[in-house]
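This structure is in structure tokens; I'll ask about it shortly.
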Amino acid sequence: MDAQAIIARRVAQELRSGDLVNLGIGIPTLVANYVPAGLKVFFQSENGLIGTGPIPEQGMAHPLLTDAGGRPISALPGASTFDSAMSFGLIRGGHVDVTVLGGLQVDAHGHLANWMIPGKMVPGMGGAMDLVSGAKRVIVAMQHAAKGKSKIVAKCTLPLTSARPVNLVVTDMAVIAFADGTATLVETAPGVSVGEVVAVTEADLIIPNAVPEMQI
Amino acid sequence: MRAVSVEEAVAMIPHGASIMVGGFMGVGTPERLLDEVVRQNKTDLEVISNDAAVPGKGVGKLFDATLVSRLTATHIGLNPKAQQQMLAKQVAIDLVPQGTFVERIRAGGCGLGGVLTPTGVGTLVAEGKRQIEVAGTTFLLETALRAKFALVHAFLADYLGNLTYALTARNFNPIMAMAADTVIVTAEHIVPVGVIAPDHVVTPAPLVDYLITNG
Amino acid sequence: MDAQAIIARRVAQELRSGDLVNLGIGIPTLVANYVPAGLKVFFQSENGLIGTGPIPEQGMAHPLLTDAGGRPISALPGASTFDSAMSFGLIRGGHVDVTVLGGLQVDAHGHLANWMIPGKMVPGMGGAMDLVSGAKRVIVAMQHAAKGKSKIVAKCTLPLTSARPVNLVVTDMAVIAFADGTATLVETAPGVSVGEVVAVTEADLIIPNAVPEMQI
Amino acid sequence: MRAVSVEEAVAMIPHGASIMVGGFMGVGTPERLLDEVVRQNKTDLEVISNDAAVPGKGVGKLFDATLVSRLTATHIGLNPKAQQQMLAKQVAIDLVPQGTFVERIRAGGCGLGGVLTPTGVGTLVAEGKRQIEVAGTTFLLETALRAKFALVHAFLADYLGNLTYALTARNFNPIMAMAADTVIVTAEHIVPVGVIAPDHVVTPAPLVDYLITNG
């Protein structure tokens, strides 16, 4: 299984029936592919839709029905559309149960940096700051390391997305939970040892006696 | 509301005007108005729009023609021209979190001085802003945002100016339709009064100043 | 013509084609009866309607279509309905061109008191404070005096509705305009002399050389 | 969303609970829920509702049964019982301008700490409130308002919980449906999924916790 599939499959396990879920661009988008058939989850697209469905069949796309990147999507029966004030009222107001975002860095306190590399990448924060500040549960889906450097750091060196810590980080190597300013190793990826995770992780991790392997 | 041609409407916009433009990545953007803004070569525009779209589409056309002097937006990452013009300091860019962006415009349209949001507290976004504590929680004071013109794209408009929007093309349009001195609207379809049920109207007719005639 | 008809007829002359107008309860409600047939005015009911029409015919009333007092109304073709946040967004945001309200007192500065008599009448301000603070133009429609006492006073003794002065007061005796903290007698009612208005008015009035009579 | 009987839903509301009730002079009020609140004799309620309606109707029923300990509202002038209970100090009443009332609830539902409004500046309403100046204009800081329960009345509800409202019965309902921990809804008609077009949904399904079954 490739790294992205590991991450997306594991994140999908965090979703509960009835949840309103917002998926960011990149790996988070893949999570929708791994939601069990019986689970009724509402996906929000922050440009104004609840009930996003898969990419439409050839010739069935509508130019006025897109995701936040402007790509054609479909809407499931029971979908609803609304303006951006409502969309971010839902996000900031805690009505989104789970948001899944990509990350550049997450630090030991659970602080996320994912919107800016000063002097290099200044695209704007879009909806990320509101999502991290407002969603009930924030999950970061990202590679554990980039170019051999841990993305789970002692302290973020990049500008923060929010002062509010994330709840969970799911990587291709581990699941790490954040609470009360600490990071706990919750699971390891298949074939990855606790020692390997610790070796590649810059942040201090609390290691419980038993760390199960992801069941994906 | 007055029905006018797109040429007549855009002629009212002076160089250097502040304009809000509806749409999200070019979806729900009044393309005909932007094409005419480019044709009439309106320069030094202060644009308020969620994003810079992509070259050749939506607000992206204004960057193609280098007509923008200032942009207030939430994301410009998919338009390399906007990024280049920002880095070359040809365009001043204010980046605002998307929920804050829409609340500031809503405040401008609804007569509020501003709102208190938790978004941005403890980040670069907080710099230079007043922080206000309510019941032990710290919020940023984000102030109202208005423009001289709002360029709005609707799905249906009736002869009075009542508007509806389609699917994800609604986005910022109805909010901006409240927050500008002059509201100019294009619609995919112009229909007789009564075609839109009262409960389905999103923007009531009195908010619309000019409706661009079709075909 | 009775006092109420004089006031309502004269206020109706202030409305312009395309205006969005909010009429309060009492005399202001009567204004709708005197709008010239050719004039296209939108009437807002602050409980969530633009395009209010006359009281429906017997048997045609709908329980979910009422004015702000809960009484059945009708809706004209082109009407729109909305929630209370939108309704007061329209009011506070300056989208209502004219609001016509009743008054208990208006003082020489144009300050209105119309929502409370301490210890006696404390019904709540409803939408009055937002209407006076937010509408483009505020017109007070009221009797000039009550029980022989001028309602146009030097300084309001009752709690104010807003710090923002009203633009015009129309009574059964006169039309008075307010600007820059002063009150100017603009018109007199048919058969009422300038002297009579001045005699019954507590507030100081600026009296132009020529004060025309209402044309109603 | 879970479909429940009105008895089951009201049984969840404890004595002394804060409840927001939709409706404007009893129009758009969930009467069946209020009838059941009276039948189950829920006492000491902290009610947030635009008005006190009239005796025998809407929120008026709660005053008939003296179940209210506190009322936050904009107008109670048409309910003599509410007035009497206020004057006898049986009910604490907070009177709030209507535009401020709805913005405070909206702020509570949208995660804002509050809003800055010009309404009430220089009046009794300003007493005890923070005043904040923005660009030379003074505003009152009005803080967010939430409740444990919102009792909402819709026109159509589908099996998922998507809601629409009819005519002037919309009023505060969709705003309150965002501002409470638990949202309980009655609907005039319950319809299959798909009957309500996505563009016509006013309250999206995920906001609804309980839908009262009909018939």
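So that you can tell them apart, the chains are marked A, B, C and D in the order they are listed, and the count of residues begins at 1 in each.
Just so we're on the same page, a residue touches a chain if its C-beta (ideal position, glycine included) is under 8 Å from a C-beta of that chain, and two chains touch if they have at least 3 such contacts.
What you see is a predicted model, and the numbers here were worked out from it, not measured in a lab.
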Trace the shortest sequence of touching chains from chain A to chain C and report its length in steps. 2
Using the stated contact rule, I'd like to know whether A-B or A-D comes out ahead in C-beta pair count. A-B
Whole-Å gap between the CA centroids of chain B and chain D: 32
In whole angstrom, what separates the CA-based centres of chain A and chain B? 29
Distance-wise, how many Å sit between the C-alpha centres of chain B and chain C, to the nearest whole number? 34
Could you pull out the residues of chain C that touch at least 2 other chains? 49, 75, 81-82, 85, 88, 91-92, 133-134
Chain B residues counted as touching two or more neighbouring chains: 103, 106, 110-112, 117-118, 165-167, 170, 198-199
Mind listing each pair of touching chains for me? A-B, A-D, B-C, B-D, C-D
Touching chain C in the complex, chain D uses residues 24-28, 50-51, 53-54, 73-78, 83, 86, 95, 97-100, 102-103, 106, 117-125, 155, 165-175, 202
Could you please specify the touching residues of chain A with respect to chain D in the complex? 18, 20, 42, 49-51, 75, 77-82, 85, 88-95, 97, 133-134
Using the touch definition up top, name the residues of chain B that touch chain C in the complex. 1, 106, 109-112, 158-160, 162, 178, 193-194, 198-199, 201, 204-207
So in the complex, the part of chain C that touches chain D is made up of which residues? 45-49, 62-66, 68-70, 75, 81-85, 87-88, 91-92, 116, 121-130, 133-134, 159-164
Footprint of chain D on chain B - complex, ascending: 103, 107, 110-118, 130, 132, 134-135, 137, 139, 141, 143-144, 164-167, 170, 198-200
